[in-house]
Structure formats: structure tokens, C-alpha cells
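Two complexes are shown next, each including subunit A; its partner changes from subunit B in the first to subunit C in the second.
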Partner chain A sequence: MQKRSSYPLALLLLSPALLMVGLLFIYPLGYSLSYAFRNEKSATWDLSNFEKAFSLYGNDIVYTLVILVMATTLTGLFALAIGGYLTLGENKRAVSFLRWLYRWPLFIPMVVAGQLMRTFLAKNGMLNNALMSLGILDPINAMSMLDWRGVVITFVWKQLPFAALLISGAMASMDRSMIEAARNLGASRLRALVEIVIPQIKATLLVALILSFVTMLSALSVPMMIIAGSPTMITVDMAWRVNSYGDYGVANALGFISCAMSGVVAWFYLRHSVREQTATR
Partner chain B sequence: MSALTQRLPKLGGAILRSVLIGLLAVAIFGPLLNMLIWTVAEAWYFPAKLPIRWGFQFWHRVFRPEAGAMAALWTSIIIALMTVALSLLVSIPAGYALSRRTLPLRGVFLLIFLLPQAFPAIAVHMNIARIFYGLGLNGTLWGVMLVHAIQGLVFSVWIASAAFASVDSEQVEAARNLGATPWRAFVSVSLPQAAPGLMASAIFVFLISLDEFSGTFFVGVPEVRTLPLTMLNAALEGNYQIASITALLLLVPSIAFMLFVEKFLKADVLAKVGT
Partner chain C sequence: MAPIISISGLRVAYGNHEVLKGIDLAIAPGSFVALLGASGCGKTTLLRTLAGFTPASGGSIRVEGRDALTLPPERRGMAMVFQSYALWSHMTVAQNIGYGLKLRGMPRDKIGQRVAAQLAMLGLTGYEQRSVAELSGGQRQRVALGRALAVEPKILLLDEPLSNLDARIRVQMRHEIRSIQKKLGLTAILVTHDREEAMVMADLVVVLDQGRIAQMGTPEAVFQRPASPFVAAFMGAENIIDCEAKRNGAGIDLRIPAIPASQLHCPMSSSEDVASASVAADADGPVQVHFRSEAAFLREAGASVAATLQFPGRISQVSYLGSGYRCEVNTDCGAFFVDHPTRFAPDDGVTVCIPGNALHVFRRDLSRQAAPAKAFQ
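After this line comes the complex of A and B, so read on.
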């Protein structure tokens, strides 16, 4: 039915969108990756930007990595818990309430999530006030959580609905007969989740976590609003290098490092999906 | 006795379930409630647990022309509408081409549109700003529109492709057999059937543009000031009321879309996104 001659037409229809990706993404990305190695002073190519980036922002690179790994892990664990309860929960009212509840932050912008947490987690924020009213927290010990903890909480709060949506979707479209069989043989729900459900939705879990990782890695507004001063995340350092010093060299070196971080997680995904494909063959 | 020992763990489970779901509800709505209180707090100092004075004084301040928030809101809306127009213009033809599963290299094309989402955006945004500076696009609405459009492109193209894929191909065939030109069949059959999906992609792009931060930060500032940047400034100046009111303005469309997303994005289209 598809005529051979319509292929050039399809390419023509695709060309404006492809051109946009090329000019507005691939070209600047290539520019960023190559100019990370550009020494503007001596007009040569070397590693000086990286040396400077590591000596000035070495701590921030580690700090960023720790925050991202923690936030991604927590997002994954909570999303599995929510997805698991939505799939295996036996109380219909609790399941439908949870389904309504968990999605609220889904489309809330990162920058707004940052502002919400800035007030919620502050020293005089609602969290401390509530804990003090309940007598759990002594007013003298009240402190602000606006540091790495605040960033991790904000990231998890914002990304959890997205990850849980993908994961519970994958769980819902799973073949239920194996779960029923295991349950009939007396397996607990937790065991059914860990041993039967999670292995089957591993690919979706990976996609959800990788996309969350990259989203968090790109967020400039959240660390900017939550963390005052240093150490901070490398996105803030990049903005600072560019806006205060016009130093694109070090900023691009940091950009290269953040691309490398997302490259590593993407590699995990590719390795997994290749192994999966060879296994099914 | 045995009935009691059987019921006890069940009761314990019910309590644990209520506590966990309750904690999740507090974690989700607590920050939102805190922000809502700030929008109507005129004075609130540590260690008072609730505002000392309530009122709408800061609302008047936000909506005064010299506050700049209204201007920022209009700038945000104009940029978002421009971004939607550009996105539809490029993603309708691209989505139509990609809706045919027989298209050679289709998977590769779908992946290319995902690329901007798979790399950290900051590295790209600061270099776009450098390139745009040479072209005179920095600090213009057009420049900001282009950065926003690339950020939303994967959604607009993928959703458009799914929308065209769910068009009834027999009706298109029937129109062609009755002598309609391919263009005529597209305009009178495919386009109307894909319209709800295209509407969903337009709303998605509108929201992405409305919320976009880092691209505007590098390309737009200081000439183009959108609502998220106004909010950041208010927050960093320590003006919690103004920041919370602008946050609320940004929140309303996002939550409305979350609640009604299924009305715009029908399950049959949703299932085809990205496949």
C-alpha cells in the first residue's frame, strides 16, 4: 500500500522538525562538548578547563552526584511501593484514593516545586511547625532543611508521580495469572511484588529512573532556590561561570561532565535492553 | 480466640495502611497548603505557627502594573502561544509522516526527537545563548520561543504521530477512491479525526513553555522576563508572599491539566505515544 515514491515526501514533511533538532540541539550540544576542550587564552585545545573545573568545583561534582543518586533511588523505591499497592492492594477504596492522590505534583513546574519547598522546609515552615505542635520536635532544635536534604525532597516530590505513573501503568498491563498463582500458593503480597512483579517491569523502571535522573540533572531552579551558598549543584556553577565571568570554557567543561553522567545512565539502559533482546531470541 | 488472632493482624494492616496513605497525603498537600497560606499572610514571623495578620494586601501589590508580575504573565502567555504555533507547524507534518509504521528508519526518527530530553538541558541552553547572541536573537521573544519549542518538541511530535496513527485509514481510503486528492483527504478526514490529540499536544507544549526556566534564564534575561523568572526573583529577595502568589498563578493551569488530561488524551491515542 505504501508507495515507494512517498518516501521523499515523508522526509520533506519531517525536515522542518529535524532541522529544528539539528540547529537548536545537536549543533549547540556539539559546540558545548568540543569547546569544553578549548583554551581561549592560548587559542589551543587542551584539558585546562577540566583542571580548573575539578579544582574549583570538585566538591560540587561529588555533591551533585550524591544528591542525584539519593533522589533517584528514593523515587524508584516510592514509585515501586505506590505501583505495587495499586496493583496488589485489596482494599478498593484505599486503592482508588491512592490513585487520585499520588498524581497531584505531576505537572507542577520544577520552579514552583522549589518555591513550595522553600516555604515548607524553612525553619519557620509548616513541617517544623507541625512537628513542634505534635511535640515531636523541640523548638530549640528546629532547623531549616534548605540544603542537600531540601533538594532531594523537592526532586522526589516532583518526580515521584511521573515514575509511579509509568511503573503502575506497566504493572497494570502485566499478565496477572502468575501473581494469582503465587498468591494462591501462599506467597505474601510483598514477596509477590519483589519476586514476580518487579522483574517483569524492570525495563519500565529503568526508563522512569533514567528520565528522572536527567530531569534532575538539568534542574537549575531547584538548587538555586533551595541551597544558599556553597556547596551547591553544578547547574548553578555553570550559570554562575557564564553570567558572572563570561567563562564558557569552565562552564562547558562542567556541561561535559553532566553529559557524561547522563551518558553513563543511558549506557546502563542500552546494555540492559540489548541483553533483554538477546535473551528473548 | 482464633478469630481474634486472625483479625488482629488485619486490623494492624488497616492501621498501617491508613497511616502510610495519610503521610503521603500530608507530604503532597502540605507544601501546597503552606504556599496557599503565604498568599494570604500579611505578617508571619518565627516562631508563630500561623500568620499574625491575614489579608489580600499582597494580591493588590502583585497586580499593580509597577510590580511587573502582570507584564511577566502576559509575556509568558504570548511566548507560550507563539511556541504552540511553531510546534504545531512543524509537528503536524512530522507526526503525519511518522504515523505510518512502514516508514523506513521510523524508530531512528522517533529517537532523534527524544534526544533533547536525554541530555542535560543547561549545557545546551548556555551555548544556544552564545549562538543567539551572534544572531541578535538574545533577549527577544523569538529567541525564547525557539528554546521553548525545542524543549517541547518530543511531546508535540510523538503525540501528533500517535494522533494520526489512530485515524481510521479506511475512511481515508474511501475518500481517495471517491477522487479526493491526498491533500483534500488529509484536510477533510485525517486532520479532523486527529484534532483532539493535536489539542492535547498543544496544551502540553503550552504548559512546558509556561513553566520553562533555564532556557529563558540564559536566552531571555534581562529583556524578556517570564513569570517563573519573576517568581525566582521574588523568592530570592525573600518576598514569600509575592513568590507564593506568582507560584499559584503558575500552578492553576498545571493542576487543571493534570485533572483533565484523560479528557484530552484518549486512551487509544495515549497507548500509541512513542510506539
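After this line comes the complex of A and C, so read on.
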């Protein structure tokens, strides 16, 4: 009885938050997704925005997907390496130094990271200058990396601390004796990492990768600053459709495609967590 | 027989805090050693240093004559059973047990045979494909033991392996582990804070106190002839009476200053003779006498029993133990717990009787706070 009587009060208390979420998130998202199917010329609902988006930006969609898959994979690999060393490393000084160092990019905004990488990766940038002064690179062979490589490097550099923070946290909270049991039976540190630690923190790894994928998918400043011209990432195309043509229809269709991409990775995550929950029951 | 493990002057420190302060210990092959002590005494640190998980700051550990301190954990040839079992939840029971064999590059069919043999020995046949999350505490404990035994180690390290089990399973597992160790001829080292567990399972009991070995010996020797007041108290002789002692020929005369009528002459013979009192070599003059609750008995007030140290008292509390009653008795020389087969009522006047051979006599530690005497008259 008491439960039922407190229900309206709970709803009342929640209503400001629900209203804000509805007005500021659900309504604009629903509006934008549904208007991807709106043909403004004929004032009908059809797939013309998608046809136009695929014909104009088909290559950019594939290009975006390839960049994201590469950057996410590299972020995951490097984050596992950092987390693994923080957990299994035996040189206390090296571990402390790495723990202090790896988080720095976390505090640098995406746009600053883009600008920083522009000066670092350009043909006459810091990277090539350093390689040339070390005699590793001939000036004639110096080339700019301000293309897909630059975007991947920037994304990995920016997202790595976030993923490593989650992953190393999960590794640190593992029962330490699980690792010791493997070492005790004869596993090297690398084998203990691959066969014991990574399977144990799989769920956190998946969350880190999905959140990194979605963050990188929504980044506009990095591809805009690093890639000059075409092909480019679809966030740049969306901004271009809106700012130059006032074409919200195609921009919404590209947004819908972005949502579909993150929807696919979210589906993988949900399927995995449902499986985990079933297993623990 | 040459020892399989020789520990000499072993020191371990966490920062500035020294946990092990010079441990010397030789372990014979095929023996079962229990490291016994209270929390923080260094027993788990000693086991972890043996396993290679905690670095030593001094001394040496030699295993079959070879220096083990420089070897990483995976090359020390010791298998460990952890307190938390440390089973890998992403693997099945068979995968957990077979992991050490996989690391050794054993063919898959041979791993299967070895795992099946382990499961049969541990009474877990049919559980191969189960997830470890589906097992009970006792079954998990068996899987952890099977995983350690599957690699056929010469040395088995057991870090409080029974402390997470309920009392009934714990008693059963003590005997199972002991019989497996005997059957396979392993050298086993057990860390425990449970003195009964140590005595039931081990050939050699090593009592640790504040990073040092307080005493080591057979369970009987440590129990009957504790070398110090600490060991006596840890092994259950927690009742302490302050007495005056005087050497008298082949024995010792004990007198309770607070109760002049209470006197006893204890004969002393060889240190292994359990029929005589255990008297420290330097016990003369002011001494502290320890006795166990179950070694003393009660009689009606005014009764007299020969060859016992006896004094009057009054019951203040009684609790039922199952096998008898534990009575708290207030006396002029302190309050004591005495076990008795029949019930006394609170406020009953009694005579506390302690047989001479149940006394452990040590020179009095003057820094010890004596238990306040409670007037009972």
C-alpha cells in the first residue's frame, strides 16, 4: 500500500529530470532521425535523402568506418598494453612513471589535439624534423601525414588515456591471486595477461571500445583540421550540408547512418552483457 | 635426509616495516609443515616469499640445493592453493585444472586423461564442463587443489585453504588434503591461524610471532611443551596465575602469594615427559603459570585433590559448549575459565584443581598486566 501511495510523489520528483531529457535529448533526436526520411521538395516521406547521401558520400561513409575500426582497434591494443604493464609490471619506477604519464591527453580538448597533431604530423612538422635531424629520414622522402593516418593517430592519442583508465582500473580491481595462480603454474606475464587478465576484464574492455568508437564517430574538429579535401569523415560532410546548403535532409540521413553505426556496436555490447547476466544466474 | 627447502636468515620488508626478521627453517621432503600464528605475524608473507610473489630483503631460500630467490614464480616448481581459490571464471572446471598442463605443452588428449584422474581423485567426476561459478565452496576448493596437484609439484603451498569453508566441510577437507599429501608423497606447507587445523594436518608446526619463529616442533611438543608464554597462550593455555617458584631437587615448588595455602611440588623429568609439568629452564622466583581450561577441573568448595594446584573460587558465569560447561571462576588470584562436564550454578562456591602435569611454568614477564583478582568471598 505504501509503495502505491509513494508512486505519484516519485513521479513528481522525477518529472523535472524526465522533462529535461525529453525536451533536450529525445525530442531533437527523434525529430532529426525522422526528418532524415522527409522529402522537402515533394513534401512526402521517402528515402531520397539516403539515396543522395550514399551517392555523394558513399566513399566517405566507408572511409569513416575504416578509420574508426582502425583507431578503435589500436586504442584497445595500446590500452591493454598500458593496463597490462601497470598491473603486471615489476619495475616499480617504470610503473609509476607510466601511471603519471598516460593520462595527460585526457585533459586536452579534441580541437587542441587536432591542432597539436597538425603541427606534429605536417610535411615540415615536428615528427619529420626530428626524424631528419636523427638521420633516420631523408628530407626528400619526408611526407605529410595529414590524411587518414593523421586522424587515426590523433584519435588513438586522444582516446587512449580514457580507455587505459577504464581497463587498468578493471585490471587493478581483479582478485590479484587469479594472476598469481597463473604465474605460479608456469605462465609468463604475457600469457597471464592474454589468457587470464583480458578474459576477466572483457566486459570493461568492450565498454571502453564502444565509448571510444562513439566519441570518435562524433568528432568534427579532428577530421576538419587534419584532412584537407576529400575523402573525409561524415561529420565534416554533415556540417558542410548544413552550413553551405542548408540541406538538413541529407545531414539528417548522414546522422541516421552514424546512429546506425553506433547502434551496431551497442547491439554487440548488449548481447554480451545479456549473455554474462544469464551465465551468472 | 637432506631438506628439500632450506630457509636461512630470511628477511622481508614492506617499505620500512620489516615483516620477517630472520627466519631459519629446514623442511624435510614429504613432510607437512604448518605455519601457525595470529594475523600479521608474517606467515602468509613467508609463504608468498617462498612462492616468489614477495621479494626478500635478505637471507636465502634454497630448494633442492638451488637458490630459489632469483627465480621467477613460474620457475620455482611449487604449486599454490589460494585462500580465495583464485579460480578463473571464464574457464570450465576441466580448463582450470588443465591450465598448468597446457602451459607445459602437454598434448590435449593427455591433459584430458590427467584432468579426469584429478577429478576422480577429488570426487568431481562429471563436473568437467561446469563453470566454476556453479560450484559450491567445497567443490571450488577441490578444483583449486586439483589445479595445483595436476602439474605434479614436489612442493604444495596452501594459503589458508579451508578458511572460507563451513565448519563441517572444513573438518572433512583437512583429512582429505592430508591423505592426498601422504598418498602422493608431496612436501606441503600450510598457512593457518587455526591451531587445531595445524595439529591435525601437520608433522611439523612452526609458530610465528612478529616475524620470528617462536617455536617449531611436532604438534605434541608444541602443545605439551610450549617454549614461551606466547606459544602457551596461542596453543590454548590462556589462564595465567602469578606464582612464586623455588627449585627443589628434581622438581619445583609453586606457591600462590595471593593464596598462601595453595602450594604444589611439581616433579620435573625429561622435557619430553608429558606426565610432568612443563617448566622453563629459567623459571625460578616470580613465575607465571599457564593452564588450559579443559586441563583443570572443579570440585565442591572445601574439597581437596592430591597432586593438583588448588584454590577456592566462585562461579560467575556458565556457558554450554556441547561437550560440557565453560565456567568463569573468580578467585583471589584472578578470574579463570575452567571446563567441567556438569553444570554449576552462578555464585556456587568451588575449588579449582589444576593437575601438576597440566601446568606450563615460565619466568614472569614483569611488563605483563596481571589479571585483576576478583574478590569472591
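Operating definition for what follows: the second predicted complex is superposed on the first by the 267 of 281 C-alpha atoms of A that agree within 3 Å, B and C clash if a C-alpha of one lies under 4 Å from a C-alpha of the other, contacts with A are read in each partner's own complex, and residues count from 1 in each chain.
As a convention for this text, a residue touches a chain if its C-beta (ideal position, glycine included) is under 8 Å from a C-beta of that chain, and two chains touch if they have at least 3 such contacts.
Everything quoted here is computed from the prediction, not taken from an experiment.
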item: Superposition on subunit A - do subunit B and subunit C clash or fit; value: fit
item: Contacts of A:Tyr63 with subunit B and subunit C, given as first, second, both or neither; value: neither
item: Touched partner set for A:Ile196, first subunit B, second subunit C, both or neither; value: second
item: Touching partner for A:Pro16 - first (subunit B), second (subunit C), both, neither; value: first
item: Contacts of A:Ser177 with subunit B and subunit C, given as first, second, both or neither; value: second
item: Subunit B versus subunit C as contact partner of A:Val214, first or second or both or neither; value: first
item: Of subunit C and subunit B, partner touching more subunit A residues; value: B
item: Subunit B versus subunit C as contact partner of A:Phe155, first or second or both or neither; value: neither
item: After superposition on chain A, the shortest CA separation from subunit B to subunit C (Å); value: 10
item: Residue numbers on subunit A that touch subunit B, as the complex places them; value: 1-2, 7, 9-11, 13-14, 16-18, 20-21, 24-29, 31-33, 35, 91, 94, 97-98, 101-120, 123-127, 129-130, 132-133, 139, 142, 157, 210-211, 214, 217-221, 224-225, 235, 238-239, 242, 248, 251-252, 254-256, 258-259, 261-262, 266
item: Residues on subunit A engaged by subunit C in the complex (per definition of touch); value: 175, 177-178, 180-188, 191, 195-196, 199-200, 202, 279-280
item: Partner subunit A, residues of subunit B touching it in the complex; value: 14, 17-18, 21, 24-25, 27-35, 37-38, 44-49, 89-91, 93-94, 96-98, 100, 102-104, 109, 112-113, 115-131, 146-147, 149-150, 153, 157, 207, 210-211, 213-214, 217-218, 228, 231-232, 235-236, 240, 243-244, 247, 250-251, 254-255, 257-258
item: List of subunit C residues in touch with subunit A within their complex; value: 51-53, 72-75, 78-80, 82-84, 86-90, 99-100, 103-104, 131, 133, 147-148, 151
